[in-house]
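Should a chain be cited, it is by its letter among A, B, C, D and E, assigned in written order, with residues numbered from 1 in that chain.
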């Protein structure tokens, strides 16, 4: 028995909702099981307390806070450009997008104009990072389902993306590339060509993933119809990103509230469809794990499409706005939400006339999406819990901040 | 020194007595079941030994042992089912607690 | 035709419903509502019907008697297992009876299956979510398998297995609406009552197994005859019980099975309750086929019967037919009315079997199957049409709403009443079959009673030329030759010959056979008058007169798919009886009744050779239906008023009948309460007597101790006395705690006793060695 | 000083005793001596070791055979001969003395030139117990080698499937020493028994797991004469002992006192018990067709080449092969049925709390059982140790040593059984690295609702088929032959397709897929 | 890498490897218990155990019998229910080896498959499903323990006496061995009815056990 179990069992009343256990319900040993914080399929340090009856999970309660680093508070003692490196440590799988979100928030607050070239490059990197992030999500989701191989295929491609990131900004995970007022540095020579080459290479790989994983019979059996989120539920729980679109709601901030010139690009917002139609396998229900998963696959295609457009029409010019040194934040507040790979990532920034914001608050998609875990994991099989959590695709760094 | 039927019978007798002891001292229903299995097995062993040494090739003992195995499996399946049910209803498998039918 | 063609066809026909059963079990839920039913119809009974028809046609029209006999002789047998010294064969009993029964069962069952497709649509899932449509057809298919297997079995063991299987199906189908308490109770009742009968059957079976050393029907009969001739085996046993010899007990035991399944008098209680099942089930299982299996069984083991056993059978049959007919007169539930009528008719069959009318009883079985199935389906149509209303008092005037049902039902009523025109030799099935049973009964009670048959002794040796003598006898007798040798060839007319059995002289049979008591015959005659009355009453109350309940009448309607079977069965009732089934039965009778101690009597009174001495019977019974109909018409012409008046006038009788002679209550009193009483007595003894002794002993000693403590020196003697008291308390405690209620302690005690016994054995057997070993060696060959 | 709260009691390090020091020193010196050589010719050494093993095994069979046929048969004719029994009490049962052997041997040209020492070498071979010990040693060696190299191979296969290389360093050539090195590492790892665990049972469980799979080797024939104990019920015996493996797993799960372990154990028990039934039933199909439970007996009827293999003998056997393979995956807890140790659900299932040597024992057991199961599949369905060529073709080769060698290589020899088993093993690995894992309810569904009825039908069908075949009907024989040809052709197409795919992959292989951007990018 | 370094890295437990010893014991016993085939004239394989009367048989018998007795005594001495089940498994496995010695190979294998594999797992299931803690002790009374011990030992002695007294020589003799085919034949001819009845029984038990253990009532 591990320590955690001992602790847990000493105060079981906190966790077991005894009222819900019907009297006379002939239960075999109900058990409280800790899934995490050190568990292979909780993707980090998420701890889920499962109340199980045999293989059935009666209740799953996520416990968070194992990775809390006061990220928001730190933002209140640093100048915005100093705070940029902290943002990409939140959702560490989508550093570019996080940088972008905070940068745009500060730009809006200060009314900075970002040059066209910088905006285009931002779009390229945001989408590129979206692909990288979705690749991780896909691969690890396969891993959750017991398929090890797709994981390595995904990471193979991701490594190439990271190579390109490294070439652009020198870092492979925490980029701090997109900064307030533009981007940190212009692209290196030949980067665009290499990137296009990669996109040519990458696009057919998406079909590979589909063949390997998405349409694998067992995979579909495991995920289709599991953890169904209805439209109402999705809205009520404030889901955003793939989980929201996986429930069939066409909502994407890039379309709805465009930023960084997304209105100039031509792309679709993929949403889930139910099974039996076209290529969607039988048994798939809108809002289930498979739908959430597949929305990500489709989004990768769209990202490639956006990147191609952006790279083709990359304007010349500056990559950084004027007047960003000693930026004074006006006594005002702003909230900007952008479409992170995981959903709506919003930054609320309040200035007080100094160079340091008086309040920084992030609205993280993972944190909000995670809230659906408990209702989804009610009366499911034990093996469905990783399927559900994996399909929500949380990054604990951002949940805990 | 030859091994004869008596040798096997002695082993069987020890097993039988152990099974009996288990049956009559355990209060756990499954413990009693385990005792029963021991007793059944000892009788099967005796049958096979008799069959080997004085069955004159008629195989009766082996077949009886076969049936004992089958019946023991059946009995165990049912008994475990009953134990589980008792457990669900009484939250214990202590046979001394199962006294609902006592007059 | 190749070798074993018939057997293969019949086996295929038996297998098909089994396939259908498994299909429905596995895929039934997926097949959905009408499809599952059609699978049941086509695979479950369609295929057997086709096979049965082919076999029927081939057997009757394309084989002559010689080849039929040869086929019977060389029917398929495959040795399956050895039960000790007894070989058990899987085989087919192939003779005219099998073929006829097979055809009858498949034909009727097929149409009932068709009927069910429509009927169960509204009666399954909607009524209760649990009672699935497909399950009904799965059970029906299983029943088809079991019933056909039963008919086909050449072996008592397999007959018994299928016997139990039909019982199981009956149980399942009676309890089809198992979430309704009455249905599940009825199912339970049927099951338990049948077990009582089957216990007797099992005893009979074991006697056959043990004394005759075989379970094969034919072989058992041969052995029985041999043992009778030589006075060995079962006849060598001096065992008697109620004055019955062991052979009689065997026959009665076998008959007990039939009593259960055919619901004969003391065990009849389940059949009326069995009407809780869906109506097609009542029609098929509880009227046409399964309940007739008892009669079939008696027919099959007829050769193992003794005169005493037959007398018992006829007594039971006679009681049943009368008592049940009386109850039928007062029933108001349409299905119950039919159920009691079924009981009464079954009584006729059993009665016929008992008094030697082998052919007639089986013939009656077939005709009854047709018209009773039709009547039940008609009642099903009515119930369905009237939205589950079964009370006849609320019906009336339905002829306009459901004309087809009305008139097919009327055909059934005519048939069961034995309607026919005696002089013209025209009539429905029941007319011929019932008359024949009565004729045989007449022969048995009057002709034999007057000793007319003593003259046959003189002709024993020359039976070939003795035919002329018997022409004086009003009813022709035929004790058939063994192995069913064609009689036509020998004597020029099947119905005009008397033939002594080769292994048992006719004289011997006469010597054994006592005449039938006259009251039995008269009861049967009276019941023949009662039958038309209650049937007419039933029909009239349902269909004729004015509607008595507007609500019911308004909703009444007919369903087309459901009346097709009605029409087909009506046609079958009219045509396919006397000219098809009677000769088949007569053909089978030869070999099937070649018994050493009893004989079958051919009582066909409707042949042209009918004599005047017997004609009063023919006319008297033949017109019974007119009298019965007239009475019913007079009483129920204007509704229930007259009937109610009669009811009030005869209230003691009516109350008795309505309460079915209080037999259920009697059983409740004797068995259920009796058991409880026994248990209570034992408990009482345990609680008061055993405990009392211990407690008393303890108390007395204690009192004694305290008493003596008062007078004697406390300090000196107290210790001793208290010690004694305490000891006896302890002894009492220990002794009473021996009953711990813990099995493990009992186990231990058992083992301890075993150990003590073993040690004693060893101790006292010191010099002579362990006697166990000797007994081992004694056992070994 | 703060004390870390750990769930186990901190223990002092045990100093090594002299024996351990000696063993370690020996290992080090051997490695120091061998490493340079090994790293120079790694591939050659590995391959020659394999060949040497084969030759050794083959030679010992030749030797035993020679002793049997030549020596003992010749000796029977001697006066006062008693069969060798090695009863310590009576010297008369000590068999042929070396001098007698020498006398018999001089007739033999093969060994005539060898010195008289050989007589003393041959002397013990006449005793069964000696042969048993030799065979046991060989089996034990095999039992150790198989898991080690199957694990290595699995890692290579997994690497290839996942577009990487797998182990490449240890030992040189394709990391061939990776698994032994891992083994050494595992032995030296700290062996933890969690606090609150049932210590004795926790320690016992790995052995209870490994012994059954070891026992299975006893009755497993590798060739017509390569079997330690020829059992007439070998099939049931092996099934039985492999089934007993589950006890160890359950105990491991239970004794760990970890909830995930208990989950793993329960899943394993549930899965194994349910899949034993379809597995056994699927094996009953060929048993019904052949009429024996002896593995050698089953293999014997498949001498007639590819089309005589039982899998192709009738449709029921063909389907039974597939059923058996699926069910065996489940009872071996291999992917996609690897629920008991599903790392994404149960951390590591019943082995969660195990480490070091005990942990490796579970894997020894698992991989050995995998091999046994595949070997049974090969013997029962795929012709056993017979090659796809009919054995009758080798009839003209004669009885010489070369002829025996050729026969063993081309027609029937253990190498073919190894080859087939390893092929099936490869399919298992292939599946594992391709498929996701299914859920426990789906596992049980596929057992109880799919495989079980299916195998029941197969058993029934096989019975009918066999019954029909006993009739010696000419028409039926034609049907049978046609069935064999059709099913055999399907098998050929399958194998052909496999080879074609493999060839295609080999032809289009790329050394590293990931090198697209690596070396050309600025800054790299 | 020096020995000290190794010492430092791995803190414990090389000596634990010698726990292999019991495993090897079991292994060796089983190996030697294996039977040897002897082709009979009829072509059917008839097997015998280690040659009757040989030293091997004696050694094996005593080894296996000791194992049986030790583990069956351990069953009744264990307090923990899981350990009881484990010892039961040991007993059953040893009995299966005894069957091998008794030339009942098929029975031995079946014992392994059905008993050790099936029944025991069932028991363990029962244990796991029904025990809050396997260490939960339901101790019977002292008197019961003593009584049981006394009765069992008396019974054992009595049985022993009986064995000693019995005149086994007067019984029909031993036989060489038996093949599975013989067993099958007699099962399907002489014992066919018990066989079928057992089949029906198993079916009923299957349904009954499934019903009893059903979750949703």
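Here, a residue touches a chain if its C-beta (ideal position, glycine included) is under 8 Å from a C-beta of that chain, and two chains touch if they have at least 3 such contacts.
Note that this is a predicted model, so its numbers are computed, not measured.
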Mind listing the chains that sit against chain C and also against chain E?
B
Quick one: which chain's Cα centre is the longest way from chain D's?
C
Which two chains have the greatest number of C-beta pairs in contact?
B-E
With centres defined by CA atoms only, which chain is the most remote from chain A?
C
Rounded to the nearest whole Å, what is the centre-to-centre distance of chain A and chain C, using the mean of the C-alpha atoms as each centre?
76
Roughly how far is chain A from chain B, centre to centre by C-alpha average, rounded to an integer in Å?
60
So how far apart, in whole Å, are chain C and chain D when each is placed at the average of its C-alpha atoms?
63
When centres are defined as mean Cα positions, the distance from chain B to chain D in whole Å is 36
Would you mind listing the residues of chain E that make contact with two or more other chains?
106, 110-111, 118, 122, 125, 129, 140, 144, 147-148, 151-152, 155, 159, 166, 168, 171-172
By the touch rule stated above, which residues of chain A touch at least two different other chains?
26, 28
In chain C, which residues are in touch with two or more of the other chains?
744-745, 748, 751, 776, 780
In their complex, what parts of chain E are in touch with chain D?
1, 3, 6-17, 19-20, 22-23, 26-27, 30-32, 34-37, 45-47, 51, 54-56, 80, 82-83, 86, 89, 93, 96, 105-106, 108-113, 116-118, 120-122, 124-125, 128, 134, 179-181
Complex contacts: residues of chain B adjacent to chain E
1-11, 13-22, 24-31, 33-35, 37-38, 41, 44-45, 48-49, 51-59, 62-63, 65-67, 69-74, 76-87, 93-94, 96
Could you pull out which chain B residues touch chain C in their complex?
20, 23-27, 32, 54, 56, 95-96, 99, 102-103
Can you check the complex and tell me which residues of chain E touch chain B?
52-53, 57-58, 61, 65, 68-69, 72-73, 75-76, 81, 84-85, 88, 91-92, 95, 98-99, 101-104, 106-107, 110-111, 114-115, 118-119, 122-123, 125-127, 129-131, 138-140, 144-145, 147-149, 151-153, 155-156, 159-160, 163-164, 166, 168, 171-176, 178, 182-183, 186-187, 191, 194, 198, 201-202, 205-206, 208-209, 211-213
So in the complex, which bits of chain D are touching chain A?
5, 7, 158, 161-164, 194-196, 257-260, 263, 266-267, 335-336, 338-339, 342-347, 433-442, 513-514, 516-518, 520-524
